[in-house]
Amino acid sequence: MKRAWLVGAGFVVVTLTLPFVLDDTRLSIYVLMGLAVLAVTGISLLMGYAGQVSLGQAAFYAVGAYTAAIPAVHGWPPLVGLVAAPLVAAAAAALLGAVLLRLRGHYLAFATLALQLIILSVAAEIEFFGGAIGLQGIPQFGVGSVTLDDAQEYALLTWAAVAVVLLLTANIVASRPGRALRALARSEQAAAASGIPVTRYKVTVFALSAAFAGLAGGIYAFFLGYIAPGSFTIAMSVEWVVMAVFGGLGTRWGPVVGTVAVTLVVQVLNDLSTRPGAPSYAPTVLGYAAYAVLLIGVLLFMPAGVVPWLRGRWDRLRRSRGDGGSAPSQAPDWPEPATVTGR
Amino acid sequence: MTPVLRLDNLSRSFGGVFAVRDVSLAVPSGETRGLIGPNGAGKSTLFNLVAGLLRPDAGRVALEGDEVTRLPAHRRAAQGVAIVFQGARVFPGLTAVENVMVGAHTSARHGFLGAAIRSRRCRREEREIREAALAALERVGLAEWADVPAESLPLGQQRRAQLARALCARPRLLLLDEPAAGLRGAERAALAGVIDGLRGEGLTMMLVEHDVGFVSRLADRVTVLDLGAVIAEGTPDEVRRDPAVVAAYLGAPADPAAGSAAPGSAAPGSAAGGPAAPGAAAGGRAAQAAGAAAADGAGADSAREGDRDAGSA
Amino acid sequence: MSDFLGYLIAGAALGCTIALLASGFVVVHRVTGVVNFAQGMFPVVAGLAAGSLLSASWPHGVAEIGGVLLAGAVGLLVGLIAIGKPGTPPLASLVITFGLGFLGYAVEIVIWGDQPRGFDGLSGVLTIGGVRIQHQWLLVMAVAAATFAALGAFFGRTYLGKGLTACASNPYAARLAGIDVRRMGLYAFALAGLLGGVAGVLLTPLQSIAFDRDVALAVNGFAAAVLGGLDRPGAALAGGLLLGIGQTLFAGYVDGSFQTEVALGFMVLVMVVRATRQREAMAV
Amino acid sequence: MLEVRELVVRYGTATALDGVDLDVAAGEMVALVGANGAGKSTLVNTLSGVVRPAAGRVRLDGRLAQVPEGRQLFASLTVDDNLRLGAWRNQRSRRDPARIYDLFPDLVRLRTQQAGSLSGGQQQMVAVGRALMADPDLLAVDELSLGLAPLVVRDLAAHLAELNRDRGLALLLIEQETTLAFDLCARAYVLEAGRVVAAGPSEELRASPTVAAAYLGGLG
Amino acid sequence: GCDSGSEDSESGPIRIGLTVPLTGNYQALGTGDQQGAQIAVEQINADGGIDGRRIELVVKDDKTQPDQSVLAFNAHKNEGAVAVIGSSFSNSALAAIPLAERNSMPYISLAAADQQVDPVRKFAFQIPARSSTYAEQTLKYLQASKITKIALAHDTKSSYAVAGYEAVKEKAKDYGVTVVVDRAFDTGTQDFSAVFSPVRSSDAQAVFLWATGPPAVIATKQFAASGLTIPLVLTGAQATPLFTKPAGAAAEKVILSSAIGVIGPDLPDSDLKKAVDELATDYQKKYGTPPPQFAVDGYCGVIVLAEAIRKAGSTDGKKVQAALEELSLLTPNGRYRYTADDHSGLSTDNVAIATVTGGKFAPTPWMTQQLSTNLPK
């Protein structure tokens, strides 16, 4: 319990200090990274705890982005859009979820993927949304007379949102609804027999994960100032799933670790491959091959993801030092809830 | 007095084959009803129909006089129906105590929002649920396994964890589907003690078991199913003497010619029988107390009684 | 009327190609429980390789078989990496196959470059009742029919097919029964490679193939395969036909601009309706 | 035909088996009893190689078939296919499950039903039947009578005895019902907290009060 | 100085940013862009650079993603680039253009979408001809060929195709052309019977098809098998081996519009031909093939920008921007003439109407005749 607080406080201090340290280029990466963490946290909640797969999460990112951008483009205060972004995304997810969540497993994965394709095609046809060309000239985010006009401020906003979302998620997971989600992920029948309204919970968590993505999309729209259907690809949805698995599903820090690791790897490889003097095949070899080899290598040796692996290491280390041997033998995939009291 | 559970002409078939056929029965408050019958007789299906996990093709289910036939499972759970499934059905990945806390779902009210902000109610309820769960684990003798991932518990413990989960829901009707399967000697006795204790508290239960001795000892009345239909109902002794039951389920008393291993005595609960079924809760408690006395301080869950195995040892 | 027939036949042919792409997903998932994200790589490899062999003046037929065999070998390799290490859970395998897809990009680009390629297949057109259909399409339909008949019989009737199915159904029990689960998984990946390869060499003459066509091919195949939960060849064929015919009819009579979305949406609808029907009273 | 020596199995830090010695001779029927969590399933799983021992060795000649804890059927396959697949390593001619249907007549009408939708006891019948399909030399059964009706248990016990007599089937039996176990098996081992605390002829163990106490005292 | 971070902005090398898709869906385009740009830089540096200052090309990969192009733009800016030559992926370009405006940095776009320069954005300039320019030149050709009824088909998912389609619809009347069949398809379309069947039962004299990438190849192949004998007319997006190679024999006799450099070998001796050859020779030497369209665009991007910097006599963004608006430069793409209200630079004269023969692009007879009178100089 205490350790969790310490780690959390450390996280907040580090992430909110970084904007004052990084240069502009890195700050932009840092912002996008934070936005991805938001979305991946939602996916991790959905997949890792509730056992539902979404391969179309970028659709809700898009919903959030458009929700934030459209009022702003028409002269409304940006705050309205940003507040509405997660709400509208959640509402859309709840509506769709009520129908789609009858599907399970691969069916659901496919349905969400199809859904994203459909939503984006429709968006590309709607003139009001800027069509395929997208919405340009989205004003900067601001509240009252304060406007956010550089990456540093967006970084602070984004990572503050990350901290809040992680805290909310950790709290949910650690108590009644979180337990219910984990239970229904294992057996919907047994969960229902224990009094858990399975469908309602599934829809709620779907909406919640969409809200996280929607919030991220809202910030994205203001940060970039331009959105188009082409900005929200299936590749993005898939990459988020990859990040979630990479970090370790159903762990508190998995989304952060997975997203940061994958983003950094991609950016570093991108940098290396376009260095002057790099051969012309470098982008493909580094951008594809090195990325692939890293991904494969890590998952072969840490099949449950990075965070569970690190935890296992940590436990073993502690044990070998002789303190605290009471932890269950096989490292559980699940975080200890914040309320667990030691025996 | 309205019975806690009343089934009227309940039927359910799978692909044309009747699993439950036209079953009517009533379980009055405080009764422990045994349910026996051959494999595939429809016992588990009947439980699923009562718990709302399956929908009947025909017939009605009423809980304390209210019809619940079309009520989904989670609403029935909220009305006090709890079930211990056949086999090990813990939620893997959750620790034992978390498994049990899931059972208390309906006794708390906070939802996603409350949990997200850790509202005062959320914290209070979480504390209460945890205490209740630990108490339930204590009751089934699993207290020291509370923080172990449930799926790594041995079979016997998993079954007890399931019982604790059901108890944590503070049910009004408890459905037990072969709770003693895979439990041996002392565990079985301890379980009998727990069930007996629940009887003493006036809980209404339905109990499926193939160990007829076990059922006879604990059930007030026994219903026998065969091919989905009720073929007999009565006190344990009446039922055991019923020729239809003997033919369909128990088999004729020992027929040593059948094999070298004296299978007659091997058949659980056959002629060997157990001590006479205690007719009343008080008897159960007395047996429990006696067991505890004999246990030589073997721990918290030492409640036991003259088990058949022990008797034969 | 002849328009309708034309759309129907074209749709069926298209559906057959989609079904062929789907078959690989089915085989791998049915045996290993893994969704093979690298499935799109197999047709690409086979198409590009067959093209190279043809330009190295291998005769038609031989070159295509060469491409298919190479795809089979690649399938085996993908399997070795994705499920070769004991204790790799399906989700990790899935992400590994995703990574392998990227690795495939790099290798393909180094060998074949990033430009699309193609080669000619059967020329000639068959005309029945005013409906024109290319011989290559007929070939695709024939191969698809044969493939699915064989797959159906293999999984449904043969002992080996049952054994393969058992591996995903319960790997632990399969192992107890003496089935070499890992080896069976590798067979499945190799077979998926071959099937993908067949789809590839048949499709390349009909469209262009480049390293990054894999996504489009895989999404189509996945969509068809998922109709049967990625497990049933027959349902995958039905899914392919549904997608193909749905697309052409919609494009023909309503509007061509949303044909893919409409077909996908229709599939989702079919699944939702089916799931709703199957749903028990529980947990509403 | 089975020789287990000094077997140690650990799950993480917890030691489930701690130096177990156990033998089963060809054609011998041996019971393995012990309280919940004593390590019986772990031992059987070590024989089939599902669990890796940390130390010690297992020598086995002849074919082993296992009825695992929790039935472990191929849920999506039919009863018939489940049974046939039990004979994976057999000759083609021995893959006909007729003999199992003779033993469990209840299964006949369920031949084409998916194993996952069977009742608990029916699943147990399939699990036992599938193991028997392998024509094993040694059958290791983790919970024989689990969920089976008394009549069925009686027939099954008789059948195992008959197989033992006619074909020399060896048996390593884990069974909650000690009466049944001791009746069927001439020899038994008592496991407690991962150690063999007693071994010997069933009759002696059945009578021994110390064993009964140990067995019953192994709670928690 | 030894401090590489702070070069003297008036004497050291001139840094130019290039953001192109080197991975992702538009990889094949971006690779071409990069190769062409590289050749331009080498040529300029070999000639002594701009006023004695070398050009340093900094390449970034936008991965065919708009947000990566924004990251790349910021990186270019931080690394001291004076201007950015931008992505051939329209969405990437559109995402970066607001930043260019905000930072007063010229942005030379390699993407085709009209929306980049319509309405005019001060710092954004376009290299490829607009879809509407292609459309207009093709209509001219149709008119000259006495084709008055056409079937029009377009990919609704490609902004390029949509823009071209709309331009045709708008301008057809002016050239005496009526659209008798109008069919839509999408990027994933694999069967074109829904397009060609209605054509067969119409009196269209040509099929005019707007598409990019694979659907164009598939449509061409199916057109060849459809039994239709009227001409198939395609667009600049097909004027590349990326199309002719996979389309193979089916591409023969297809009519298409293209950048003028594509028919380089057939150009009459002229300054234009010299400009085309200058690129083609070096490109051929380095990569072993004639330059594809995207390489020509990348090349033109660099020389246009370099010329503007030279004219401005400064690397100051605003001055370069002013120079661009005055620029008139002959390139392998023809003559660029930017003005304050036209940032798209290429007129219809710079579009060729070609046909595919033996897998190569050759001018149509009409075009040959046009070249003799209207050659961009």
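In this document, chain identifiers A, B, C, D and E correspond to the written order of the chains, with residue numbering beginning at 1 in each.
By our rule, a residue touches a chain if its C-beta (ideal position, glycine included) is under 8 Å from a C-beta of that chain, and two chains touch if they have at least 3 such contacts.
The structure presented is a predicted model; accordingly, all values stated were derived computationally and were not measured.
Could you work out how many touching-chain steps separate chain A from chain E at minimum?
1
Taking each chain's centre as the mean of its C-alpha atoms, which one ends up farthest from the centre of chain C?
B
Using C-alpha centres only, name the chain that sits farthest from chain A.
Between chain A and the rest, the longest centre separation is with D.
Which integer distance in Å separates the CA centroid of chain D from that of chain E?
Distance between chain centres, rounded to whole Å: 75 Å.
Taking each chain's centre as its mean C-alpha position, how far apart are chain B and chain C in Å?
Roughly 49 Å, centre to centre.
In angstrom, rounded to a whole number, how far apart do the mean CA points of chain A and chain B lie?
Chain centres of chain A and chain B, defined by C-alpha means, are spaced 43 Å apart.
Could you tell me the distance, in whole angstrom, between the mean C-alpha positions of chain B and chain D?
26
Indicate the residues of chain E shared as contacts by at least two other chains.
Only 27, 31, 156-157, 186 qualify.
What are the residue numbers in chain A that touch two or more other chains?
121, 125, 189, 191-192, 196-198, 235, 284, 288, 328-330
Would you give the residues of chain D that are in contact with at least 2 other chains, written as numbers and ranges?
11
Across the complex, what residues on chain B touch chain A?
Where chain B meets chain A, its residues are 51-53, 72-74, 77-78, 82-83, 85, 89, 91-95, 98-99, 101-103, 105-106, 108, 110-112, 115-118, 122, 125-127, 129-130, 146-149, 152, 165, 169.
Can you list the chain E residues touching chain A in their complex?
22-24, 27, 31, 34-35, 56-61, 63, 65-67, 70-71, 74-75, 77-79, 89-91, 94-95, 97-99, 113, 115, 156-157, 159, 162, 186
What residues of chain A sit close enough to touch chain B in their complex?
168, 171-172, 174-180, 182-183, 186-187, 189-198, 204-205, 208, 250, 328-330, 332-334, 337, 339-340, 343
For chain A, which residues are in contact with chain C within the complex?
Going through chain A, the ones touching chain C are 99-100, 102-107, 109-111, 113-115, 117-118, 121-122, 125, 184, 188-189, 191-192, 196-199, 234-235, 238, 241-242, 245-246, 249, 281, 284-285, 288-289, 291-293, 295-296, 299-300, 303-304.
Quick one: in the complex, what on chain C touches chain E?
3, 6-7, 10-11, 13-14, 17, 114-120, 125, 127, 132, 134, 205-210, 212-213, 216, 220, 244, 247-248, 251-252, 255-260
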